[in-house]
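By letter and in written order, the chains are A, B, C, D, E and F; residue numbering begins at 1 in each of them.
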Amino acid sequence: MSKKIVELLLKDHINALVERGIRRDGRGLNDYRDIEIMSETATHGDGECWVKLGKTQVITGVKVDVGPPYPDTPDKGVFVVNVELLPLASPTFEPGPPGPESIEIARVVDRTIRSAEAIDLEKLVIKRGELVYILFVDIYVLDYDGNLFDAATLSAVGALSKTTIPVVHLDEEGNINADPNERFKLELKSKPATVTMVKIGKKLVVDPNLEEEQVADGRITFGVKEDGRICAIQKGPGSLSIEQVEEAARIALSKYEFLSAYYR
Amino acid sequence: MPIFVEKKPDKLISEDGTRIDGRKPDELRPIEIKVGVLERADGSAYVKWGGNRILVAVYGPRAAHPRHQAIPHEALVRCRYDMAPFSPSTDRKKPGPDRRSIELSTVIEEALKPVIFKEMFGGTAIDIFVEVLRSDAGTRVAGITGASVALADAGIPIRGLVTGCSVGKVGDFIVLDPGHEEDMWGDGDMPVAFFMETGEITLLQADGQYTYDEFQRALKLAYNGCKQVYELQKRAIIEKYEKLKLEGETDE
Amino acid sequence: MSKKIVELLLKDHINALVERGIRRDGRGLNDYRDIEIMSETATHGDGECWVKLGKTQVITGVKVDVGPPYPDTPDKGVFVVNVELLPLASPTFEPGPPGPESIEIARVVDRTIRSAEAIDLEKLVIKRGELVYILFVDIYVLDYDGNLFDAATLSAVGALSKTTIPVVHLDEEGNINADPNERFKLELKSKPATVTMVKIGKKLVVDPNLEEEQVADGRITFGVKEDGRICAIQKGPGSLSIEQVEEAARIALSKYEFLSAYYR
Amino acid sequence: MPIFVEKKPDKLISEDGTRIDGRKPDELRPIEIKVGVLERADGSAYVKWGGNRILVAVYGPRAAHPRHQAIPHEALVRCRYDMAPFSPSTDRKKPGPDRRSIELSTVIEEALKPVIFKEMFGGTAIDIFVEVLRSDAGTRVAGITGASVALADAGIPIRGLVTGCSVGKVGDFIVLDPGHEEDMWGDGDMPVAFFMETGEITLLQADGQYTYDEFQRALKLAYNGCKQVYELQKRAIIEKYEKLKLEGETDE
Amino acid sequence: MSKKIVELLLKDHINALVERGIRRDGRGLNDYRDIEIMSETATHGDGECWVKLGKTQVITGVKVDVGPPYPDTPDKGVFVVNVELLPLASPTFEPGPPGPESIEIARVVDRTIRSAEAIDLEKLVIKRGELVYILFVDIYVLDYDGNLFDAATLSAVGALSKTTIPVVHLDEEGNINADPNERFKLELKSKPATVTMVKIGKKLVVDPNLEEEQVADGRITFGVKEDGRICAIQKGPGSLSIEQVEEAARIALSKYEFLSAYYR
Amino acid sequence: MPIFVEKKPDKLISEDGTRIDGRKPDELRPIEIKVGVLERADGSAYVKWGGNRILVAVYGPRAAHPRHQAIPHEALVRCRYDMAPFSPSTDRKKPGPDRRSIELSTVIEEALKPVIFKEMFGGTAIDIFVEVLRSDAGTRVAGITGASVALADAGIPIRGLVTGCSVGKVGDFIVLDPGHEEDMWGDGDMPVAFFMETGEITLLQADGQYTYDEFQRALKLAYNGCKQVYELQKRAIIEKYEKLKLEGETDE
């Protein structure tokens, strides 16, 4: 119960600051925390990206596999996004199969990339209806200090933009051959980002950290891309007025250039 | 192994905006809502929306089980969206939750929570079960629409009804309430739900690509659609109460 | 504890009434509740049937699929029965994979249909040893007010008797073809029903509702068919004398005509 | 992938009623019951019945775990019927419960409950584990037969023994205790269990088709079979007690 | 709490005895309990062995199946070890999928047999890259009175040494044929055993029974074989000095002859 | 379906003991340890060891959950060793525990327990998470090495550090710290961990075949390897404390 009281007091404090345009860590309402892309080779992925968004850390490894396409899309490769909230990353994350929270993040990242038509899945076919490339995008959350949506998207798109794929040949008898030194680069037609905001009191706050998430009254995420279009939306808890949602969309679109700089 | 693979139609919409099922861009499919259709549930609703058939049941406030999930100062609101194996127009769906239904359960839950007086029922659970018997695009918004009626039927104190409706993008058109083909082969789907009394948005998702202008138009169209659906919700509740009153009088 | 006392008092009350041949809802001991077959098209099944048995509601959808036969029956189609006790239907049903209760119902319905030889599985073969039809019979309990066995059987057999199957061709290369408009009717060689009775005191009571089930001292179900034969038996909790079991069999056989009228 | 597919024999029974394994229609297979074969269990039995080999253990009354399953005013009686992977005559069975073993666990539980003085042990659990090491038709009735002996061995107060035996239909014959081939290719199987002291039926299941007359004859035949099995149960228990007494005397 | 005290007193008692070279059941520190191999045919396995090690009872059944080899070992058969701690065997074993304890035993038995190169997996190939024999070794614990590692290994190696395999032919069309009477014996190139010791106080004690396991300060298991070599090691809880580990190795090697007598 | 199948090299070691990666038989791969790399964990470490990249986090002592696992008189020490899907040099690993990772979690747990003052924290849990981001042979000993440093970082009272290192058999050579090819195609792997202050062994496993003499030499070589790793552990901890001190001084 006393924990509850501390939370309420903290909420009041943060609300009052935000009302005046101030955040506890000194940022402006529309500012992201420092972003760092680690240069470390830390996985055995065909593409990888370790992102620090403030104290939140997320690593993505892309693994390329081959297999049959889905029956209803014989001329397309397969692209799978998985998010794991490792118990390493927070005292509130428990071991076990992905729960609603990690599934939601995975599906929003997936939707953002798919809607942006970032990957030309038709180029990932080895033999129509028989063998295609499968891209497994595994997003591992290492340290959780808020805003996993944006960190996950940055990390996933970052890893995909560095991914190379082994050239696989299918011979007459159905056997596959590949030369470890022959690879091609996965070309992305778009490099979308997501921008997440929370509602604190009546204000929108960009890139919430953990304590801001905990006291927030609502959450909304927009997927945005190079040409100024929205490519995904996901409202979380709470409610927002039409005007707030429209404002959130404008803020999100204005942040694309800043975020996409980290894809270079 | 799938027996049939559905084929993309040549054209989803004509130049004058006539849609593949004959509707105009801003036209809803036929909708019917029945309240109080189940005996055991505390509240229930049956929604026919185009080809969708959806049953919603509400239980609670009741003891939260397992106990450790209970929240002392407010009700635990839980939603379980489920598609029956015989609900898809294509292959049988394996029973049980998949990643899509887990996500939809979460967003439906969040769409309804803002209108429930949760703080009145600390330590209890309010369970909302959305069962899709027949699916035909737009099941989550139909489910939300039915669920808020079922919450009212269960007598759970709510601030008002939540009303859902999808909008979609088909070519350059923003259309209301996309149907099955528009959902499968269209250019974007944007499910929205409003707490109608204040106009606040409690559900908003989208795939597809939208300019800012398209996004604004889509929101407005969704709101207009929801206004029509809201009338149907209210009528369904009134009908139930009229019927109860009638039965009450007959009993005397 | 007080709940327990109310249960005991109710049990005494119901027992005393039944002893005199009376039931709380006015039925005679051998009477079924009102049965209604809903005409509504409520699923995307290849066959469906929504049954109301008093206030109990059960819907069955049949979905036809194709696939390889079991290795030990290369010349037979496949028939699978599944029962889900939806948490929608009762405060006591919990989400999750099928538990012992729903598995028992599914297996009794399956056994009744299989023992009655209702479906000619040899007619469901597309190519011997390679491709057969698979009938998935999914029985969904929507509202639980007692006697799920009989409601489930009525609903399952009802749905099968309305099922049509797409004509599937297998070409030389092993691909399947089907014309959405070309279908054939699943012919049933028998349309069995189950009759469930509970023992209350020393009497047998047909089609128990929920409160009768809760106070009962025993339960027994008979599968019965057109030719006056028993095609399945399942005793539930409790014990019955040989005489009672024989009486139950006679009652069950006498109910077939009444129940089978709902298959028309 | 199965290496062998078993083939249906030309004939399961001759016109004079001689069965494929040489038995007469009303003849049991050889049965042997040993009591108290396990160290750790509170009670146990090992049943050899034709080619079946079944081990039964009973634990309890003991604290019910998980706690929320406990019933205040009576013991929770739980049964787990399990087939070992190496028990089928054909392919390996995957370890763990399948739909068949879950159903059988339920019916065995219900077959035994009527004789247990459950009301004496509120809040506790009595666990019965039936492990089929080698299966050869009729495992559930052999399991019940062993389990009631193991309950006695555990010192759990019971009203009397429960005794099981199957009957089957092979062509026009009603036969006692069907064997493997009769079970696989016969025309019906009817497992039955009696609380022998009162003649009450505590297990009854059937597949196959029966006229009312056949059903009556089958029940009678099952009862006669159970009478023989009952003698073996009693003898097994006496043997154990004789042995204990002997050991007691030797100790002096 | 009082249970804890009894445990502590028992521990002190056992420690004091062991310090003087005495065990509660009269054995010397390096003695095994009585071992009995049951002659009973108790399974439908292609090989089986029911072992009593004191009051601990373990039965293993080997089932032979056929299937495709692993992609990276197209010229080898497959060998799978599974251990089930049946709830029948101990009040502390619960139903459910294998937990850490049974997985550890299975993997140590597997490692011992594999490291000893007991089975010539290359002889279990029917057609290279396509069809091989699969040996399922299912170890079922029936009664648990300590030292499951050694009982499991004895039972598994015993069952394998009696295993016969049906001769399977693969015809041109990919169908398999087998004559139930045509079988060959699985030849073992080695028949390893494991020797488990616990540390009680400062002493090592061979073949611990249940109460010795419960009061022990450490556990170690060695796999040993005919030629005097170690073929597997697994330390359990606790810590041991280098000298103790070396002593344990010497004891283990000295026990092979005694144990392997039960393979005859 | 695997795209590449790794091929066994012609020779893993030359006659003069030069190994496939150029190392001498008693030479470690390059090792780097960083302490305190995570914000949320109570203690953490990042270990680069050859091509391995391993992150370790420690939480606790904290309330044990689920409650019934708690031990009244000592802390529950739990370890979860996990390999990320992108960590193997070959195919993607399916997420979640498999039989290997469950066994490794157990042995790592047992390797660390002897140095933790468990008896000081009855009723609580100490959780150790070992996440392998990139695997290259010897992950369990690298994990133990990192975990004991992370325990120190978390401020959990320990008797001293546990230090791990593998030894292996390649042909007739006993080699220190086998690399990827030696692990895959060598003749034996023996992971060892020592509580260095007393020289006691807390982890010991082996596959492959060893004469008694080889076993003795392997143990000695492992101990010598651990001595070097121990120095790196201590230096890593000191560096963290120096840095903290520096930051403290800067703050003043």
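A few notes on this one:
The rule is simple: a residue touches a chain if its C-beta (ideal position, glycine included) is under 8 Å from a C-beta of that chain, and two chains touch if they have at least 3 such contacts.
Model, not experiment: these values are computed from the prediction.
Counting only chains that touch, the fewest steps needed to get from subunit C to subunit E is 2. Counting only chains that touch, the fewest steps needed to get from subunit A to subunit C is 2.
The most distant chain from subunit F, with centres taken as the mean of CA atoms, is C. Using the mean of the Cα atoms as each chain's centre, the chain most removed from subunit A is D. Here the C-alpha atoms of subunit D line up with those of subunit F after a rotation of 120°, rounded in steps of 5. With centres defined as mean CA coordinates, subunit E is found 57 Å away from subunit B. The geometric centre of subunit E is 27 Å away from that of subunit F, both derived from CA atoms. Chain centres here are Cα means. That of subunit A falls 47 Å from that of subunit E.
Rounded to whole angstrom units, the spacing between the C-alpha centres of subunit A and subunit F is 31.
Residues of subunit E in contact with two or more other chains: none. Shown for subunit F are the residues in touch with two or more other chains, namely 1.
Subunit F contributes residues 1-2, 5-6, 72-73, 99-100, 102-103, 105-107, 110, 113-114, 188, 190, 195, 198-212, 215-216, 219, 223 to its touches with subunit E in the complex.
Put simply, subunit E touches subunit F in their complex at residues 1, 4, 71-72, 98, 100, 103-104, 106-107, 111, 114-116, 220, 225, 228-242, 245-246, 249-250, 253.
Those residues of subunit E lying in contact with subunit D across their complex are 40-45, 48, 55, 57, 59, 61-67, 82, 84, 86-91, 95, 97, 136, 138, 140, 142-145, 166, 168, 176, 178, 180. Contact residues on subunit D toward subunit E in their complex (touch as defined above): 1, 3-4, 38-41, 53, 55-57, 59, 62, 80, 82, 84-89, 91-92, 95-97, 127, 129, 131, 133-135.
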